[in-house]
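Okay, here's the structure, questions in a sec.
To keep things simple, chains are lettered A, B, C and D as they appear, and every chain counts its residues starting from 1.
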Amino acid sequence: MKERKLSVDIAGVTLKNPVMTASGTFGSGMEYSELMDINKLGAVVTKGVSLLPWEGNGTPRVAETSSGMLNAIGLQNPGIDTFIERDLEFLYKTIDKTDIPTRIIVNVCGKTEEEYVEVVRRLADTDADLLEINVSCPNVKEGAIAFGQDPGALSRITEKIKRAARQPIIMKLSPNVTNIALMARVCEEAGADAVSLINTITGMKIDIEKRRFVLSNKTGGLSGPAIKPVAVRMVYECAGAVRIPVIGMGGIASGEDAIEFMMAGARAVAVGMMNFRDHLITEKTVVSMIQYMERHDIRDINEITGCVR
Amino acid sequence: MKERKLSVDIAGVTLKNPVMTASGTFGSGMEYSELMDINKLGAVVTKGVSLLPWEGNGTPRVAETSSGMLNAIGLQNPGIDTFIERDLEFLYKTIDKTDIPTRIIVNVCGKTEEEYVEVVRRLADTDADLLEINVSCPNVKEGAIAFGQDPGALSRITEKIKRAARQPIIMKLSPNVTNIALMARVCEEAGADAVSLINTITGMKIDIEKRRFVLSNKTGGLSGPAIKPVAVRMVYECAGAVRIPVIGMGGIASGEDAIEFMMAGARAVAVGMMNFRDHLITEKTVVSMIQYMERHDIRDINEITGCVR
Amino acid sequence: MKYSESARIIKQERLASDVFSLWIEGRIAEEARPGQFIAVYTKDPSRLLPRPISICETEGRRLRIVYRIAGEGTRQLSGLREGDTVEVTGPLGNGFPAEVKGPVLLIGGGIGIPPMLFTAKSRNDNIIVLGYRDPELFLLRELSEYGRVHIAVERPQECGREGSEYIEGLLKEGIIESFTKGNVLDAIRENGLSAGSAFACGPAPMLRAVKEYCGVNGIEAWVSLEERMACGIGACLACVCGSRDIDPHSGVRNKRICAEGPVFKAEEVII
Amino acid sequence: MKYSESARIIKQERLASDVFSLWIEGRIAEEARPGQFIAVYTKDPSRLLPRPISICETEGRRLRIVYRIAGEGTRQLSGLREGDTVEVTGPLGNGFPAEVKGPVLLIGGGIGIPPMLFTAKSRNDNIIVLGYRDPELFLLRELSEYGRVHIAVERPQECGREGSEYIEGLLKEGIIESFTKGNVLDAIRENGLSAGSAFACGPAPMLRAVKEYCGVNGIEAWVSLEERMACGIGACLACVCGSRDIDPHSGVRNKRICAEGPVFKAEEVII
């Protein structure tokens, strides 16, 4: 067996392989670590964290849809201080300090520019390797998606966060826009080190027997295999529009899906809701990517990034 | 059994029931009429027709995705003259001249404003009851979606078509926008008699073994149950934004799905790609809507339109 | 320890018109405690979320669930046969506490009855109260082996004359201690049942009534809650319930049913 | 007349490592003509498009298809058993013409072989040429009952020594007339085969070669084409091929494979 290079570079940070977890679907890895080995992953991306604790939305918070799901968790989180003490501490303890350790990417959310900036500041001296800025959550009233749907606001917040951040920043884009490539370009110009996409597509489900919305928040974010074709298209569009790395996600359920995103232009990928269907799926994704590389004799996984144009 | 009212009104035209076919998935009904009775439908919406014949895109034109499909037919059609002579003639002959006949809705496409207007003019003296204006097809380079993604262009073309049309016009909206309610409002203000939504969401599929796009057009439009939550949400948003009727579609596979769209605010609904999975599905949808009305003792189907807010 | 496994089906059996009993084999059984549940996955790739189902009992490496057909997922599950496999993860959640003041009222309503069998088998001071909506009294005989059983039936009329003879028979046979037309609270009140603690599983209105009754009567109550789940293991925050105090894990007044629950001390949660 | 029906499975059988034969029962069989196909739907609600499969033969109300596992849909199909049902629509498309100048060369390549059985059974002037990629010679004996058979095998080496003895045997037994290492065109050339007409089904490169050969040699050729389908009945315009002339239905240089085809006069289409 030949040496195969799986490692990829995101803004100067080397990931041992391109497979990450999608924010919000993996907690901080604590619960999954009982079932799998998180040291097999390129990076763990944690659940969105804000300055103060957030209660999130009422229940039901999730609903099943054809080949997908809706969620309206509403970014419940214990706030940055508890997060740093407990979650980052857990990750620090759990991750093997090898040559290329599993990286820690902290997903940040907020209601105002100031809140984002403050969270990012508090992360400056932590073990977080990269920060992912969620400006695309459709499930909270203030902040989040509002920043992600307006080029002007997106540019401003990206600049401010970039100035405040010690770590490289990844701007997480919303698919609920007319032109996502434009949004990626705006982020690049404002100094973002990478973009990740897609966050969920806003959707709704109605219980026709009870004549009411299934989710207590009325709308939720659609994710899963159902949205994969939209995500692949958007990754392709963004990769063609910017030079900074693009991280692809949306419905990934296998190594083959991960390869598809990379061929569309993604430097790395994240597995989201399919973690719920199969708690070992991220590990399996890495294994089947290696098998694909062997079958096609690919020496360096970076070769396939953007190979289909 | 009590009398149940299934008929709905779209811009002064009464449909015997709210179930229509989605443009492009039913041809002009000719092929389906061998397998089912098109007189059971509220309306037949025909495949998009342009001024001159269009060749459409290369093959493959379709691809399967999780609970959905991508299509990039590219609006192949024989042009308005053949369409009027053959397809409208067929529908005229086939439709029973009863009290409320199955209505004929002609879907119109074009590359320029002038082309749309000319097609609409030629339809003036035909048996078409309503015109649906496709400004949202993602699969052709010029026209179509370009009009549907820009409020200014959408307003202008709606006005021009409205002036030229003898029949009421339904503007068919694209989901590939940041704010679809705004687009619906623009259409209403420019004189549209109704809006229909959603057209397909732009997507992409890559064949990782062959390292090429599955569709010869690279991108295609995603439809089917996969997109239903997005479609329901958009129908809800538009119904809340305009007074003109909203016609809902996107992944309808049953009477229950049709009811869900109506509860979100649709006055009528259209069944699209699921016609491919089950050639009798439109008929079955009508039957199961009636069963739902009986189970819940609903006297008039219009009662449920927009009942969940 | 939790396991994700492809479990072999040992036996599938119908207990009532829409209630099935399923025995599966795997590692989960050996770790399971009463009140815990498993996540069951359908074979249908268009339905991706887990179906949480309580563990009804275990025997060595065998585990039993009893479920009602509530939708397409459980309907598909009911079509599986001996020798087929089913994907499951478990055991999940905390389960009922072992050390509580006895005797214990085990209160099961409807499809909340199954976990009470596992619980009843683990104790010997049970007073069992079961609420059925109609006279299809699934699991009754099995439960009667582990305590005195009181039953409440919402719509006993559905059993007709033969049905009431059937209930007479159960009373005579000593399978049940009492019969009440109504719900479990009616049965508890009618029989003036008292206990040191109470464990309850069933629909939310029943749990609310149990909480109130126990509060008034100084009985320590634990309730098993339900909510839509996604991860099933505490990572996604889909399945929360409101909590009286700030929860140490969440940092807010929310507890995860799949992790801190499904069993909670009644006074600590908002039902 | 076309039917959409839930057809009962009579028999499922493996013919080669990845080739299966399936008999189903229903109304479609009685209307089917050689060269037509059916649309087969999977039971998996996440896979919604039809799998078009040629009709291999019929017997009364029974219809046979022979298919290769090419992906998840055909893999699932191969898991169905006697007594199960499968949703199908058909018969679809036009089929091979009945009135042509004989004798007729029936040319089947790979999984293009199955429709040739139905076709061969409908005529008695057949010269049959079959191209296999490896020595798993499915349907060979059945076809040999309806004409002289020439076979071409791309990778005969895979059969090893025993394999070549096997082919010797087929020649001695008179099952095959000739054996060629290579493709069907090699076999046709090697044996100097000539005919009034030719019917061909197989991969596009083979069809192109047949078209060219027949053009040069004055043989009227019909080819059966493949394309991704959605409606299967001519309504969606997914499955077109380029046509030499403006097609009267489409009004452009496109023909629908599921409606005007899948069988076309070779000179009229762009392969």
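Observations on the model:
As a working rule, contacts are C-beta pairs under 8 Å (C-beta built on N, C-alpha and C of every residue); 3 or more make two chains touch, one makes a residue touch a chain.
For clarity, every value in this text was computed on a predicted model and none was experimentally measured.
Following the contact convention of this document, B, D is the list of chains adjacent to both subunit A and subunit C. With centres set at the average Cα position, the gap from subunit B to subunit C is 47 Å. Taking each chain's centre as the average of its CA atoms, subunit A and subunit B sit 35 Å apart. Within subunit B, contacts with two or more other chains are made by residues 66-68, 224-225. For subunit D, residues touching at least two other chains, in rising order: 45-46. If touching chains are joined by edges, the resulting network of the protein chains shown connects every chain directly with every other.
Residues 44-46 of subunit C are the ones that touch subunit D when the two sit in their complex. Partner subunit A is touched in their complex by these residues of subunit B: 65-68, 70, 149, 176-178, 201-206, 208, 211-213, 219-220, 222, 224-230, 232-233, 236, 251, 256, 259-260, 263-264, 292, 307-308. For subunit C in complex with subunit A, the residues that touch the partner chain are 1-4, 41, 45-50, 87, 89, 227-241, 249-254, 259. Looking at the complex, you find that subunit A touches subunit C at residues 24-27, 30-32, 34-35, 47, 53-56, 59-64, 66-69, 71, 73, 76-79, 82, 224-225, 273-280. Subunit B makes touch with subunit C in their complex at residues 66-67, 225.
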